[in-house]
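What follows is chain A paired twice: with chain B in the first complex and chain C in the second.
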Partner chain A sequence: MLNATVISQILWTSLATSSYFVLFAVAFALVLKVNKVFNFAQAGMMTCAFYSAYVAVRVLEFSGPVGFVAAIAGGAAMAFILERFGFSVLRHRRASPMFVFIFTLIASQFITYAMTMIFGTWPTTIFASMFWPVSIIANVAVSAWDLPALGATILVLVVLWAFLRFTRYGQFMIAVADNADLAELYGIRKDRVLMVSMLVAGIICGIGMFLYGTRAQVQPAAATELMLFAVAATILGGIGNLWGAALAAVVLGLVQNSSILFIPSAWQGFLLYAFLFFAIVLFPSGFHLPERSKRLKRTVVAPVVVSDAKEG
Partner chain B sequence: MTNQPSTGLTIGRRTALALVLLSATSGAALAQQASYKFGLAMPLTGGQALYGNDQVKAAQWAVDEINKAGGINGKKLEMIVLDTQADPQVGIQAVNRLISVDKAPVFITAWSGVVKAVAPIANDNKVVELSVGANAPDIAKLGDYVYTTFPLADVDIRAVSNYSATTLGKKKAAVLFINNETGIGSAEVYRDTFKKAGGEVVAYEAYDQKATDFTGPLLKIRAANPDIVHLQGLVSESPQVIAQARQLGITVPITSYSGIYNPKLIEQLGAAAEGVIATSLAPGVDDLPAVKDYVARWVKEAGRPPNGLPYTQYLYDSPYLVAAVFASLDKKGTPVTGENFRKEMLAIKSFDLPLTGKVTFSDDHTVNKPVYLVEVKGGKWTGKAVVNK
Partner chain C sequence: MDYIYTILILIGLFVILASSFDLVIGHCGLISIAHPIFYALGAYVSAMLAKEGGVPIPLAMLAGGAAAFLASVLVALPSLRVSGDYLLIASIGFQLGLIEFAKHIHSIGGAGGLTNIPSFLVNSYGRLSYVILVLAVAVLTVLFVRWLTSGPYGRMMAAMRDDELAFSMLGRNAIWVKVSVFAIGSGIAGVAGGLYAHYFRFLEPDQFGLLQSSAILTMVVVGGMRTTWGPVIGAVVLQILPQAITFLGLPPSILGPLQGLMFSGLVLVFMFARPQGLLAAPDIWAGRSTRERADG
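Then we have the complex of A and B:
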């Protein structure tokens, strides 16, 4: 069974299917880093994104690109609702982090049930067909879905990096992530930054769910299960480290799929939890690449704060 | 003297009260006699509701038709529907209510987890539990008061396995199954039957219930080079498994069970669905005119065929079975208790039902029915064979 073709196929498929997991992990890690919330309500954002695309493409019979935009809009809209009517209210009422965490769990289930009431529980896809044609490249089956999915994910990561590195709000987000109170003292409007952070996460979730929903069937409770992978990647990648979470999502997918070569396939899912268990016990703060990134953050944040104060 | 009228009035009031109570009691008794109740505990909400609601609708149609045709010797058949969410714990609450509050002597339920969880309640209270649609093989061993009208997993899986090895002449089979109770049990039945029929199982792979990618187990199967692949999954992931199998170059026929027998599979997979073989435990539209009319009614009233057509056929038929037993008890004037219902049902033993044909209760609490094999051919499900006749 173990030969170059099999190994190449597993590596390629793992890489391709890690695309949406990377996006979910990055969205989760971003909100955790900036908003300091373990946002399990992200599952609700993902569900909303999927069904927005579903309605656009399958119900209203718009084209795929419209469905893509609808997924982004759906994810962002739910992110807005959660921040505006949930997190923001809880912050102003000085709710404890544990209470906020419980709110995210409840919100996630609430959205799941609401979607169940509206769309039922029959699993469905964004396009009527979920079969993508395949090309054989160097004995490896490459589906027509793989390359666009990988391309979209890389593009999202590059745009996110550029957004955080070069735009004003991106830099505000890093400042708030570093020290929210200090950022406020310098005139950064924390609430607005936290809203932007949620919106960015919602957009990323929208893209991720569009990719996922064009390849696999989704029903309202599916996003909750997908979320676990994002949480695992965020913990393994080091809490507060976006790129670490993205890398961890790829590595987790590779390890999980490659494990088939050594262990029975039924144990693949178990591996995820085994990783989580040991990661939490042995590395409670995650794996860090601290020094370089911290220096980078400081050099980025300092001039931004000054410019914002001047504007204010 | 002065008290006399007062006493008379008091007696009068008491008499009136007694008369009111008497008439109310006898009214209730008459009302009770005027209808025969049975329970239906199905998932109306939650992950399986789409199937559950259609099955309840089918059963309600049957109840309405029975009552329209005169009911049970002129008495009304009453169905009490409760939600189980396909969750054993919720199922226990529903069945407790059906027995304690509604005093139903018989109830119908489905989904293996629920059927098993409520079985001790049925046995303890001597109330008949009819499992209609669940197929875990051990349902036959749940106790004296638990019966199934639906063939258990080993019937159709055994049939498709045997058919693959003998009629189709396949020598090497691969089995891919979801790692849960139903998947494991059914995969074992397929493997053992295939081996018994002289075939070899060259790959036997499970996948996790939460898996979103199936490349690993499918590559193992591809490496084993089977003549046929049997997939024992759920409706949620089975299309994706088949799609990935075809993408990875597994072109041999794929068999599965009744769970994938759905028009949506063809829509989702297109040409990749060609050659997929599923089972059905109920006659299709081409096999029985009544089924054709039944599907036409769905299309007319709901704008679509029912989800899980064969299951809804069984649910449609179940009130007819219950009504036949009630009618027999009523004719004999036997009190309608769970114990008497069971005795009468076993005494009648065989029932001719409108959409699924004849059902006969065996002593081992199982039923044996023909298995209809259907195959995707030319972009639609077509009848392939009827086995186990």
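Then we have the complex of A and C:
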């Protein structure tokens, strides 16, 4: 029966589970914005991050924080390998976008099969148990996983914003995203910036997979589905708009979770592909916020009006 | 002998799939890896028409091809109006979405698969007759693709692929060319699906996923994209090679990933070591022409 408590619970669960979706979407959107690559190899980075944490915690029996660092290291290491031995080589060969895309797809498949050979297809988690203590707050069940996950996601977004806004390499990344050739003329080392962009994406994927792997079971092919969710969010959020992708990921997570009220749970997986397909067909340029565009226009137009008035 | 006939049938089917996929990705330059879903559509439509509708099997196979043709138009038209890159993502969404959808539809067998599909020719004339049929369709496909790409339509495709802006400035409709080539390639894959369904008599949605996409892409890349015989060589080599692994007696849990690792690993090796494939088409993967690069 649908009542305020059920709706509140679904909203809260959706918000909590969207934490890792947001991270995957932001990582995908960042590489697309800066490196101009539809990086389907992100699934490989995610798989590598998860199994690094799994080996650290479950096989080597280190503590959770070590697993967290291992996930970040795994994601970043795979990002480094992909950029250094894949994208960089293809860029210098002036490979066509189709070739680069096929590379990302095949690299992702290769990593998935390699992980399947090593770890098998049996789903697993980072910790032995994925059940977290639950507290009831205002009639809503809040698990011990929810708040740290949301906190970590918000922290990552704030750090990423500050990195892009205030640090030298963050500004270089924006410059390369806007016009890579012009950025190079100004002395920015494009290859290094593209590597930093991939490493940042790898780190974000690592954090996202650690969160996901502590809540859900993972098998080597699982990351592909998670990445397709990120692709749909990136398109809906508007290509080149990191924060739009993050917001779209929250909305998609909410729609997918609340769909249980209207359709059988078995069909929830199908919704993802429906999102992906209809995002492209109906919203190929994503959603736009008209008020922000108007405000931007005013700030650009205003000085011109003033100078005209002075001349008059 | 039955084993050899089955291998020959698989080789024939993959020659059809690889040649028609090369038409889409190589000759026309459309980025899509969802070819297996049109193969699946042809297979399921043909199987259901023959099994439930009592339609004669050759007609059901052609109907399967027509269904794949129409579905590909529905996928390509909206996505290609935006950008070529979107075709890829829309088609992946369509491929995985349809597989997920098929898993939940019990009337077509669901995730467990569709069984008892009526067989064609084998019971009346023996397996050799089916081998001849599949190989004949494969030869016709290769000749059709060769004819299509070497004539005026092929020149139109090449012009559009090499410089879409100039092509459009000359008053040509690039979207129409792309959609029509995508539909032709997918329609051929649909017919191959019908041929598959009425020989193997069992269809399962997961057969037509990303592993199948990797396999067909591997055949085209390894054989040589945008060549007549490249996809044929790729299909023959990559159908025979996995058979060698099956004789190693490995458990299925290892065999599947090992084949996938081999397919994807081979593509990666070829992409970096010999991007033009076993048979080379000139400057196949370059973003700019050789002359442009020489000019700096």
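One rule holds in what follows: the second predicted complex is superposed on the first by the 274 of 312 C-alpha atoms of A that agree within 3 Å, B and C clash if a C-alpha of one lies under 4 Å from a C-alpha of the other, contacts with A are read in each partner's own complex, and residues count from 1 in each chain.
The rule we apply is simple: a contact is a pair of C-beta atoms (placed from the backbone, for glycine too) under 8 Å apart; a residue touches a chain by one contact, two chains touch by 3 or more.
A quick note: this is a predicted structure, and the numbers were derived from the prediction, not measured.
When both complexes are overlaid on chain A, chain B and chain C end up clashing with each other.
Touch criterion met: A:Gln109 reaches chain C, while chain B stays clear of it. After overlaying the two complexes on the shared chain, residue contacts for A:Thr121 are found with chain B and with chain C alike. After overlaying the two complexes on the shared chain, residue contacts for A:Phe277 are found with chain C alone; chain B is out of touch.
In the superposition on chain A, A:Gln219 makes contact with chain B only, while chain C stays out of contact range. After overlaying the two complexes on the shared chain, residue contacts for A:Phe38 are found with chain C alone; chain B is out of touch.
In the superposed model, A:Ile260 lies in contact with chain B only, and not with chain C.
Once the two complexes are laid over each other on the shared chain, residue contacts for A:Ala95 go to chain C alone; chain B is not touched. Shared-chain residue A:Ser143: touches chain B; no touch with chain C.
With both structures placed on the common chain, the touch criterion links A:Gly269 to chain B and to chain C. Clashing C-alpha atoms with chain C after superposition occur in a single stretch of chain B, namely 41-49 (options considered: 5-13, 41-49, 59-67 or 365-373). The residues of chain A shared by its contacts with chain B and with chain C are 116, 120-121, 228, 266-267, 269-270.
Listing the residues of chain C that touch chain A in their complex gives 25, 29, 31, 33, 78-79, 82-83, 85-86, 88-90, 92-94, 96-98, 100-101, 104, 210-211, 214, 217, 221, 253-254, 256-258, 260-261, 263-265, 267-268, 271-272, 275, 285-288, 293. By the touch criterion stated above, chain B contacts chain A in their complex at residues 45-50, 179, 205-213, 215-217, 219-220, 223, 235-237, 239-240, 243, 246-249, 267-272, 307. Within the complex formed with chain C, the residues of chain A that make contact are 38, 89, 93-99, 101-103, 105-107, 109-110, 112-114, 116-117, 120-121, 224, 228, 231-232, 235, 266-267, 269-270, 272-277, 280-281, 284-285. On the chain A side of its complex with chain B, the touching residues are 1, 6, 9-10, 13-14, 17, 116, 120-123, 125, 128-132, 134, 136, 141, 143, 212, 215-217, 219, 221, 225-226, 228, 253, 257-261, 264-270.
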